[in-house]
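Alright, structures below, take your time with them.
Next, two complexes with chain A in common: one pairs it with chain B, the other with chain C.
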Partner chain A sequence: MTAELLEVSGLRTEFVTGGGVIRAVDGIDLKISRGETLGIVGESGCGKSITSLSIMQLLPKKIGRIAAGEIRFKGEDLVRKSARDIRRVRGNRMAMIFQEPMTSLNPVIRIGRQVAESARYHLKIGRKEAELLSIEMLRKVGISRPEQIVKQYPHELSGGMRQRVMIAMAMVCKPELLIADEPTTALDVTIQAQILDLMRELQQEEGTAILMITHDLGVVAEMCDRVVVMYAGQVVEETDVRTLFRSPQHPYTQGLLDSLPQLSEGRERLASIPGQVPNPLELPPGCRFAPRCPVKMRQCEESAPELLSTESGHQCRCFLRQMEKEAVGS
Partner chain B sequence: MSTLNKPEETLNGATSLQGSDSLQPTDSDVLLEIRNLTKHYPIRKKMFSRQPAGAVRAVDGVSLSIKRGETIGIVGESGCGKSTTGRAVLRLVEPTAGEIRFEGTDIRALNPEQLRKFRTNMQMVFQDPYASLDPRWTVRQILEEPLRTHETIGQKELEDRIDSLMETVGLSPYHASRFPHEFSGGQRQRVGIARALALNPRFIVCDEPVSALDVSIQSQVLNLMQDLQQQLGLTYMFISHDLSVVRFISDRVGVMYLGKLVELAPTAEMFAEPLHPYTKALMSAVPQPDPDALRDRIVLKGDVPSPANPPSGCAFHTRCPVATERCRAELPELKTYGNRQVACHLYA
Partner chain C sequence: MFGYTVKRLGQMIPSLLGIVIITFILSRVLPGDPAVMMAGEQADDTVIENIRRDMGLDQPLYMQFFSYVIKLFQGDLGMAYHTGHTVAEDFANRFPATIELTLFSILIAVLVAIPVGIIAATRKESIADHISRVFSLIGACVPIFWLGLMFIYIFYSILGWSPAPMGRISGDLNPPTDITGLYLIDSLITGDFLAFRSSLAHLILPAICLSTGTMAIVARMMRSSMLEVIGQDFIRTARAKGIHEFLVISRHALVNALIPTLTVLGLQFGYLLGGAVITETIFSWPGVGGYVTDSILAADYAPIQAFTLVSALLYSLINLLVDLIYGWIDPRIRYE
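Take a look at the complex of A and B:
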């Protein structure tokens, strides 16, 4: 068995639409070790959520499909598994929490039953035992009066409480991998702080690895060990969190960090990235970021750069960095 | 640009109204004076019952004055009443009580026809550029509507105005024949801004104008709004839950909690030294995009109480880390200390 808990290689996910086939995820490699937190950042439409749905095998059946690549979870390729085998893993060894805790809970089923559902299925426990387990889980995620909450319906809880319930649901089988897709985006900052604290605590207790998908660079800085930056379906940069914020290499990452209004700085003009994310049906022929890149060269519009890594494991998809490296090497 | 700078023409209605209604001389620096603004939504126990069983105190006695050309930021969490405050100022929701004076004109005293005319002065940019633009109208129709409603101008001039509006917000006039769905989120918000600018307003309420946008687009729109403010001398009320955005755009910041203003201060001072315990907790909760940032975070327990049944005394005492007996019993007033205001017994 390899040391990596999850190993995604060459993942390509496609959607069939009226306008043609969209490659939402185009050749992605990811690795997550046990107990580690990996962040995926990027803007709307960069493919970060589709990556997580592909890993969970939750793509919309009729229009979405994994066209190529492997998703190895504890050494076994999930892409080639039957739906039945996937169900043994999903919700059990890996679980997911979603952005909108209102729409991802069933409004007509009591909290207690929803929290224990996956435990009843995977751990084959009875109803009585399941109720005790959900009370214990709710207490663990910091819900007071769990004995009463298990009898309530989702609409009776606040947004922060609902997200705690989602976390309790995901953690009930003690998964080895937790995928969190924008878990705090719908929450207020003071509630976000509570939820992030809770996720960190649970991670330390259970040794769960977390794949954190977010657009919020503040959340990334606070939660993640390593970060993957995505743009238009591809990984453009990957490195440890400190290096990403101290010395970002890719012009997109640099632009993203510069355009953040900082809480700790005064008022001046914000840097911004001109233009917008390319239409996935009309991707530029060369580097996908070239049309918005402040330092683009002729080469960038003609051919697409590869994702290359340095000795320290810092990966970057940019011709400029490759040229610098070659210049140093010669 | 030239067509945008014609304030005399569109402000005629306002000046005539002002003469009739300004009872007291006003500070020439102050554009908008809000006193004790209140909006309560009645709760009815039974459907169709006339007797309200209580009230949701969405906005509960907010007072502030907004200076000409400044940006006042309003921050707070969901349900604190910041959006209702913005809407009540424009009378998009009818305030329950309070006084709103725009250059001396009492907005609450205007009849519907006067108010309609007066709205040329005060416009709004909404949060969701997907929901606030009619999907069946082209951008030209969207921008034409306010001009046709409030002004009598010929077709040629109308088209010139629309072209210049589009250019002002950084869109190509050639896009005017398109529908909203053909634009990205950032471009749609530009259309929303152009619509608000169509009648040369002096005051714009911006309700979470960049919250639905990605960071790289967000900064484009924030820069645009700041440029427009300088070019056109606009005054903004900028409502947002995002403290770093508010810090960037605002001259002064007001913090709201459960329908009340708990702190108001110049931006730099507010961020250098927040006074109210809620402001402190709010600021410490924002994740910093810096993995080495010092985090002495104040994590507040529990949720915001319901505005239908706010706690006694200081509304924040249920979550306040430094609450005392006095806070439970007595409501602290918003008091002035130098150039800032805070509503907390700690500073009394």
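Take a look at the complex of A and C:
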């Protein structure tokens, strides 16, 4: 048994489509310790959401499948568990909140019942107890008048309120791991900050580990201890959050950071990374970022770089860093 | 809610008025002269002329229409000349049979179609799904008169499993005491098991025959709305809670998928009333359907008009009921 709460190794998730098999996640390794917050950053389509759905074992049936790898949660491999055993973990020890609070709640069921549902199922508590629990949870996520809100329906609440409800729902069984897939993307900026604060408070209170999926580097800076940067289904860089912002190693990460607006530099055009995420059915033969890379070399188009550790725990998938390292070593 | 119901009832008046006008005109342009029908082909002209005057058919058409509407407002549906009773009396005798047939058909259709639709959607592309799709295609295409005749041929003539397609109960049994007018329910209430068996045996074939079209359409609707609901975000949320897939479907998907299916069911009611006319004729079912067929053949205006009007009224009321049920199951819909 390892000390890690969640350990993903060599995860490969595939989708069967009309055009062929898409490898949405291609050999990913992740580690999350108890109480830690790990961020996964990347553009849309880089495979970060698919990674989270793979961990939850919620891939769309028949089209999506985990082709290889292990997902060890508290030492046990979820990939090889029965549906029944997975249900025992899911929603109980490991919970998830989604991007769209507007559509992620059932429109015809009262808030109270939805919040307490997983507790009633996993903890086998009664109706009365469940109602008290949902009131307590709603109060905990900062909803005023929770006694009334439990009797209301989702359409009667605002987006921010609904996301609070989603968090209450996810936290009701006191999970050890909370997966948050773009939890603030659909919300107003002021509400975003409130939701992030709330998540951090709950995390400190309950000691929950958080896997934060986001494309927003602001959220990463705010919330995360360590960060994994994904590109086209692979990890391209992994390090602690300070190092990432201070000395990013991968050209893609550098590009992401450059595209953030800086107050000090006046109002110039924002930098952007030219080109688009490659089509997963026609991946470049070498480095997947090569077609968009500003410092690309011939080697990059011919062979694919490995993910290598550069300094203390800092990993990067780039030939340039590899060469630097070799130069220093020799 | 009350205000909304009153408003909807008020909106029914113009459409019912339209129906009154249309059926009045349509039944007048039907071939056949009711006076001749009553007097017989050989009657001489003065007799026919007298009958015509008695029935008010010598009046100009607009006068006939006004006197019809005035009587209608007095609750008088007119006289059915081919039976010699008032239409109201004939309806009172025959409507329970039609209601029993229609309700039982809806019951069969719903009990079969909704589970089939759910299974087809949750096991999409499975053998069960393909079979259900083939059957619902067939069910939606097969005409009632053909199916009815095949049922009688197979289950009565060849297999002898079902009683002769005549009436609601065997001729040697007394109908159960009239409480609701529905034999199945009345015989259960009075504990008359023989009557129950016999009326069920008489009811089952015409009811299945009448239900097939509705069954097919409801099953297809249920399948497609279920598929749509299963793809929604809140179903993923429900799955993320780790609850059993059965609960995901029954608690989270079913109610949401029932909403569009209910609309279709309400609209199907009109089809069922039309289908009842054919089914009753084939199975000699003593309901209003067969009665209306006879009335059309006898060029008897009053029952035709009354049946159309009552059907339209029922249809509107059923669809109002459907809308009210919406508000009950979907909290997003509130009626002002």
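Operating definition for what follows: the second predicted complex is superposed on the first by the 326 of 330 C-alpha atoms of A that agree within 3 Å, B and C clash if a C-alpha of one lies under 4 Å from a C-alpha of the other, contacts with A are read in each partner's own complex, and residues count from 1 in each chain.
One rule holds in what follows: contacts are C-beta pairs under 8 Å (C-beta built on N, C-alpha and C of every residue); 3 or more make two chains touch, one makes a residue touch a chain.
Given the structure is predicted, the values throughout are model-derived calculations rather than measurements.
A.B. asks: Based on the superposition on chain A, does the combination of chain B and chain C result in a clash or a fit?
C.D. replies: With chain A as the common anchor, chain B and chain C both fit in the superposed model.
A.B. asks: Would you mind checking which one, chain B or chain C, touches more residues on chain A?
C.D. replies: Counting residues of chain A touched by each partner, the higher count goes to B.
A.B. asks: Figure out whether A:Ile273 sits in contact with chain B (first) or chain C (second), or with both, or with neither.
C.D. replies: Touch status of A:Ile273: first partner only.
A.B. asks: Once the shared chain is lined up, is A:Val89 touching chain B (first), chain C (second), both, or neither of them?
C.D. replies: In the superposition, A:Val89 touches chain C alone.
A.B. asks: On the A-aligned overlay, A:Val219 touches which partner chain: chain B = first, chain C = second, or both, or neither?
C.D. replies: In the superposition, A:Val219 touches chain B alone.
A.B. asks: What is the contact status of A:Ala193 with respect to chain B (first) and chain C (second): first, second, both, or neither?
C.D. replies: Touch status of A:Ala193: first partner only.
A.B. asks: Counting only touches as set out at the top, which of chain B and chain C does A:Arg242 meet: first, second, both, neither?
C.D. replies: After superposition on chain A, A:Arg242 lies in contact with chain B alone.
A.B. asks: Is A:Ser312 touching the first partner chain B, the second partner chain C, both, or neither of them?
C.D. replies: neither
A.B. asks: In the overlaid three-chain picture, find the nearest pair of C-alpha atoms across chain B and chain C and give that distance in Å.
C.D. replies: Across the overlay, chain B reaches chain C at a minimum of 6 Å between C-alpha atoms.
A.B. asks: Residue overlap on chain A between the chain B contact set and the chain C contact set?
C.D. replies: Of chain A, no residue contacts chain B in one complex and chain C in the other.
A.B. asks: Going by the contact rule at the top, pick out the chain A residues touching chain B in the complex.
C.D. replies: 43-44, 158-161, 188-194, 196-197, 215-222, 241-242, 245, 255-257, 259-264, 266-267, 269-274, 276-277
A.B. asks: Can you name the residues of chain A that touch chain C in the complex?
C.D. replies: By the definition above, chain A touches chain C via 56, 58, 62, 83, 86-92, 95-96, 98, 100, 103-109, 117-118, 121-122, 153, 155, 166, 169-170.
A.B. asks: Please name which positions on chain B make contact with chain A in the complex.
C.D. replies: 77-78, 184-187, 214-220, 222-223, 226, 241, 243-245, 247-249, 267-268, 271, 281-293, 295, 297, 299-300, 303-304
A.B. asks: In the complex, go through chain C and note every residue touching chain A.
C.D. replies: It is residues 125, 232-234, 236-245, 247, 251-252, 255-256, 329-332 of chain C that touch chain A.
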